[in-house]
Amino acid sequence: MVEIIFGYFAITILIISLLVVTSRNPVHSVLWMLLLFFHVAGIYLLLNAEFLAATQIIVYAGAILVLFLFTIMLLDLREEMQIQRFTRGWPAGLLISTGVLIVLITGLKGFKTTFVGQWDIKEIEEATHTKALGKVLFTEYLLPFEIASLVLLIAILGAVVLAKKKLKT
Amino acid sequence: MVPLHWYLWLGSLMFCIGMAGFLIRRNIIIMFLCIELMLNGVNVNLVALSHYMQDLRGQVLTLMVIAVAAAEAAVGLAIVIALFRNRPTVHVDEITEMKG
Amino acid sequence: MDVGYPVLSVVIFLPIIGGILLAFIGRHLESFIKWGALLVSILTFILSLPLFTNFDKTTHLMQFVERKDWIPQFGIQYYVGVDGISVLFILLSALITILCVLISWNSIKEKVKEFYISLLLIEGAMIGVFASLDFFLFYIFWEAMLIPMYLIIGVWGGPRRVYAAIKFFLYTLIGSVLMLVAIVYLYLKADTFNILELHTLALPYKTQIWLFWALLAAFAVKVPMWPVHTWLPDAHTEAPTAGSVILAAILIKMGAYGFLRFMLPMLPEATKSMAPFLIGLSVIAIIYGGIVCLAQNDLKRLIAYSSVSHMGFVTLGIFALNPQGIEGGILQMINHGIVTGALFLCVGIIYDRTHSRQISDYGGLASIMPVYAGFFMLFTLASIGLPGLNGFIGEFLIILGAFKAKKLTAVLAATGIIIGAGYMLWLYQRIFFNEVNEKIRGLEPMQFKEALTLILLAIFVIWIGIYPNTFLSFMHVSVAHLLDKVHQATPETMVTINSIRGGF
Amino acid sequence: MEYTVWIPFLPLIGFIINIIFGKKILRTQAHWPSTLAVFGSLVLSIMALWDVINGKTLNYDLYNWIISDNFRVSVGFLVDQLTAVMLIVVTSVSFLVHVYSIGYMHGDSGYPRFFAYLSLFTFSMLMLVMANNFLQLYFGWEAVGLCSYLLIGFWYEKRSASDAGKKAFIVNRFGDFGFGLGVIIIFLTFGTLHYVPVFGRVEEIVTQSVNIYGLEINLVTLIALLLFCGAVGKSAQLPLHVWLPDAMEGPTPVSALIHAATMVTAGVFMVARCSPIFDLSHTAMNVVAVVGGLTALFAATIALVQNDIKRVIAYSTISQLGYMFLACGVGAYGAGIFHLYTHAYFKALLFLCAGSVMHAMAGELDMQKMGGLKKYMPITYWTMLIASLSISGIPGLAGFFSKDEILFSAYAAGGVGRFVWMLGTLAALLTAFYSFRLIFLTFHGDFRGTEEQKHHLHESPPVMTVPLLLLCIGAVASGWVGIPKILGGSNHFGEFLSPVLHHPHYEGVTHSEEWMTMGLSVFVGVTGILVAILFYIKNPSIPVRLAQSFSFIYRVLWNKYYVDEFYNLIVVRPVLFIAKSIIDAFTDRKIIEGIVNGLPALVGWTGAQLRKTQNGILQHYGIIMATGLLFILVFVLIRAIT
């Protein structure tokens, strides 16, 4: 049963990601991406990561993609769609990517996990996922978490400064 | 039970498709999307490993990735806007001011 | 032996301090600066004389040793001393600097102060190189000398001075950097920079070969051996007279000195197995340098190429690895310093008057400046190795040594002497003989100051020619000791290099 | 200290005084220090000769010259019979030439310089002959070469003079190259360079041989031939004779002193000095004899047609030097030295007479423009006539005795000796002919020069003619010390030298054969003179017709067998071509400088190429990055597998 659900999600994700990469219109790409994020969230759910699934939808779908859409609207890219989509060196890019893929797949074949941590499913379910994650995040990884907030703050400032029109002096 | 490898393959595929898209598309916005795609591929791997290794550190990392992705999108798109203001194009092969 | 003051330190630092003090003298007090520089250089020479008079010729041990910790964390010491190999070079350096100060008296007209400061700094560094017994200290002096020399060529030189200066600098630096690697390696191996301790280091054959190449890079460029000689003609040609003299007389001796001080005693097995190769290069340098001279139209360039040929004799003697060869080599270095230095002084004297280095601009000069022609003739003859003058003693001993080591090379080197006679006499003929060239009619005769510098050198030319033992006697014990060290090395380890040797 | 020390050092003092004070203070009095010094040497040399005759030979060291490990060589003097003869020859001729030069060089702007050089030469030559070791011999050898260079180029503003000086020096260097190597091999073989131990032990090595690239050469032969190389250069033998005729650019007294009487005979002296070495090698001896014989004939043929008065005498000198080597080559060193000694006087006399003629003719050298000078300058004429008779081998004069002894020795030696005897006899015929051709063209017939020259014709002043007369005595009488036994003499000269130069004893040569060779040499001498009379007095049209009908031979002789041109073609020009076009322009400028300047250029070029990859297109960077990723992954994978 789980395999079938995983199969659905996986196949859909791959198809959508191909569409994202190939669609002529960036708006379509963004919308395909939206769909993709939902399916990724589904995968997360399969993996018992409810909080992450939620974050995925809220942050990615809700915030980032909106930002993309905004930008596209702002730029008014109508005539851009008429010209060719791919760079002149596209076969090289494709080749390299395929190479990486083959290497990854072959490499993963022999991959085995040997480490077993303390957070098995039962414990997570007992504590609820959000609480468990929160515990780890706010004890062990407090500093990185704070730094992440700093990164975001700086990104906001940076975005504002960059996107702002120059002051006429 | 789904084997770990399936998740890992899925993540790899997403990553590689994203990479391919980044390398072959001319539109800078779609290139950004491709980056998001790659990051998602990584995230899938991280979460899957986290699940199978019964350790939450992978998911913590995923959160960080999401945060960085958000920041990156914000700055990147701001750059795109600033760029577009000076040169009305989103095709990266036409923007070569930084060449050596 | 005790002379009441630390001779070497005084001789090294007196010119350096003198140079620094000159920096505080006002630019407009030009003659004061000149006299100051002259005074410092003469004082240095006088104070260096105990090295000559109080030297103990019966021991190979270092003398006039001074030893103080400098950077104790790395075992770096201020450690100076001389033996029979180095002592003469210090005296020569001190002597030549005086002449350089004198000869620049009227020919340097711009930035006089800076020029004399550079000159004095070079003197200190040169003496430091020859006196250092600590590899680190040696390297410091070795590199320190480069900078003022670079400035002298690059600031006061001829029209292509910048090219020549950069070429000189890069050439030497690339060699030196490899030497630095060797120094660091040796330090890590032996945990000391003390040169005398490094002499006792028994390194495996392969290591020796690697170190040999690294040190060879530094010293061969300096000598300069063929085929890394091309900086020399440019540097010599473009440098002002004093620069050429110092280059010819002292600077290029450091390479050969390096062979004797470092390569032979530290890397005896490598030296022995590579000697045929280096002898081959030396012979090429002798003949090649001589033949190139025949094609030169530029006075200084010709003398510069003749240096290549003469230094080929020096390296030939050194790598003959027998007493006659090495003693001849050291003596030939002194001789070449005196003779080529003198020839450059001579060229400087007419260059100041005509501002031309083209041989074709001269002719019949013997009628106009007869005394000058006489001096030039003396140095020309010394350069082509006329018996009774100094060049002969060195060349004869070298060829004798080379003949002992490798017969064919001695025969080939002897043809270099024929070529030497050819180009020097042809040069002399073109400048001094034939009809008087209209361009040089009415040149003023030599001044006393100019004649004085030449007389000083002429005395040495004749002195070494008729009684070389004054100088050879300094070397005997040290050279014998050095050769003992080289020939003690076991021959079994030398098999692998046969492929290289096959070529010669 | 021995008084003999002062023999060479007096002229050295003369040189130093002249070079320092000559130009400013002495000026026209510059001849005094030099002439007095050489006179002092002459007196001391006579004393030395007296001592040697009384059996007191000397061999002592002055000081150690060079010490290096086991290489020790000193400055020292050996005064034995051979040296004593040379001392007399050198100092007497030198003194007379000094005196002659006072008149000849009068008024020359380089007067002090000339005397300084003459003194330096005398010093060097004396060092050469008095040396007691090979290196000092080499010192003197090179030093006389230097003086020769300086004196040939004395009038340096003349291009031909400075060229000739340079040529002399460089050609000599070729010979000295072999000589120097010979000295080195002697040291490495015997461990010393002093004559006495070397000659004492030379027999020990007579069987040794060295292998030179597969060629087995006897060590003694090798040493002898290398030493002979030096002699060939210095004594202007084939094939290094080319410098001597050109050397006539120098002032005539110099030609007389250096290029006739003393320096050029140094080669003969050296071979005689090294006779213990040469004696042990038949090959070397034969080479010496054949080179000498060929040179004697070769130079004589050239002298037949030359018109330059000094060149005729120069070729005559080469020819006579050939005789001396011929003698040495057949083992008759005594005869060679005897000829050296007599030749010094009559050849110096010939040159000084030629100088006297030039003095009268205002520097004219072409014999075709002279003629009939007999009545203007009788002393010169008579002395020169006697010298020519002497060189032609007319009985009773010096040349007769020495030449006859040489020819007889060659004949008696058999083998190669017979061959060189024929060469020598033929050369004797030619010698007589060209000597009298010179006399007749110069002094007989009508004057062929310009009126102005004719007006100036005069006999030279006494300061020049007195040396001529003194030398004339030498040219006549110097042979009387060596009258052969067969003529009732006792060959004092040969006996005197016998302690140094062992005297050959000929077996199986009868008195009649000795009479035959003597008669033949007199006969050819007289024939040569008669032919010259026929050609240049009786019927002057013969030589012109001969030159026309044998124009090829005439041209070859006139151009001295084209040897100079040949050397120019195979040595001078190729070397200069290699120097200019190959080594300087190509190897040095293109290859080595190309590499040196090429390396930085290569770095720059690489940078420029790499710059192109930074084209600013994002995807290119991306692809490179991805490729890097790929490689890293592959690497990790391979690491994981293995």
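Should a chain be cited, it is by its letter among A, B, C and D, assigned in written order, with residues numbered from 1 in that chain.
Criterion: contacts are C-beta pairs under 8 Å (C-beta built on N, C-alpha and C of every residue); 3 or more make two chains touch, one makes a residue touch a chain.
From a predicted model like this one, the values you see are computed outputs, not experimental measurements.
S.K.: Going by the stated contact rule, which chains contact chain A and chain B alike?
M.R.: Common neighbours, chain A/chain B: D.
S.K.: So how far apart, in whole Å, are chain B and chain C when each is placed at the average of its C-alpha atoms?
M.R.: Chain centroid spacing, chain B to chain C, equals 66 Å.
S.K.: State, to the nearest whole Å, the distance from the C-alpha centre of chain B to the C-alpha centre of chain D.
M.R.: Between these chains, centre-to-centre, one finds 96 Å.
S.K.: Can you compute the centre-to-centre distance for chain A and chain D, using the mean CA position of each chain? Integer Å is fine.
M.R.: Centre-to-centre distance between chain A and chain D: 102 Å.
S.K.: Give, as an integer number of Å, the spacing between the C-alpha centres of chain C and chain A.
M.R.: One centre to the other, that is 72 Å.
S.K.: Mind pulling the chain A residues that touch 2 or more other chains?
M.R.: In chain A, 87, 89, 92-93, 96-97, 100, 104 touch at least two other chains.
S.K.: Any chance you could list the residues of chain D touching two or more other chains?
M.R.: Touching at least two other chains: 617, 619, 622-623, 626.
S.K.: Hey, what residues on chain B touch two or more of the other chains?
M.R.: 19, 22-24, 93, in rising order.
S.K.: Which of the chains touch, listed as pairs?
M.R.: Every pair of chains meeting the touch criterion: A-B, A-D, B-D, C-D.
S.K.: Once bound in the complex, which stretches of chain B touch chain A?
M.R.: 1-2, 4-10, 12-27, 29-30, 32-34, 36-37, 40, 43-44, 47-57, 59-60, 62-64, 66-75, 77-82, 84-85, 89-91, 93
S.K.: Would you mind writing out the residues of chain B in touch with chain D in their complex?
M.R.: For chain B paired with chain D, touching residues are 19, 22-24, 31, 92-93, 95-100.
S.K.: Touching chain D in the complex: which residues of chain A?
M.R.: Spelled out, the residues of chain A in touch with chain D are 87, 89, 92-93, 96-97, 99-100, 103-104, 106-107, 110.
S.K.: Any idea which chain D residues touch chain B in the complex?
M.R.: Against chain B, chain D makes touches at 611, 613-619, 622-623, 626.
S.K.: What residues of chain A sit close enough to touch chain B in their complex?
M.R.: 2-3, 6, 10, 13-14, 17-18, 20-22, 26, 29-30, 33, 36-37, 40, 43-44, 46-49, 51-52, 55-56, 59-60, 63-64, 67-68, 70-72, 74-75, 77, 80, 83-90, 92-94, 96-98, 100-101, 104-105, 108-109, 111, 113, 115-121, 124, 132-133, 136-137, 140-141, 144-145, 148-149, 151-152, 154-156, 158-163, 165
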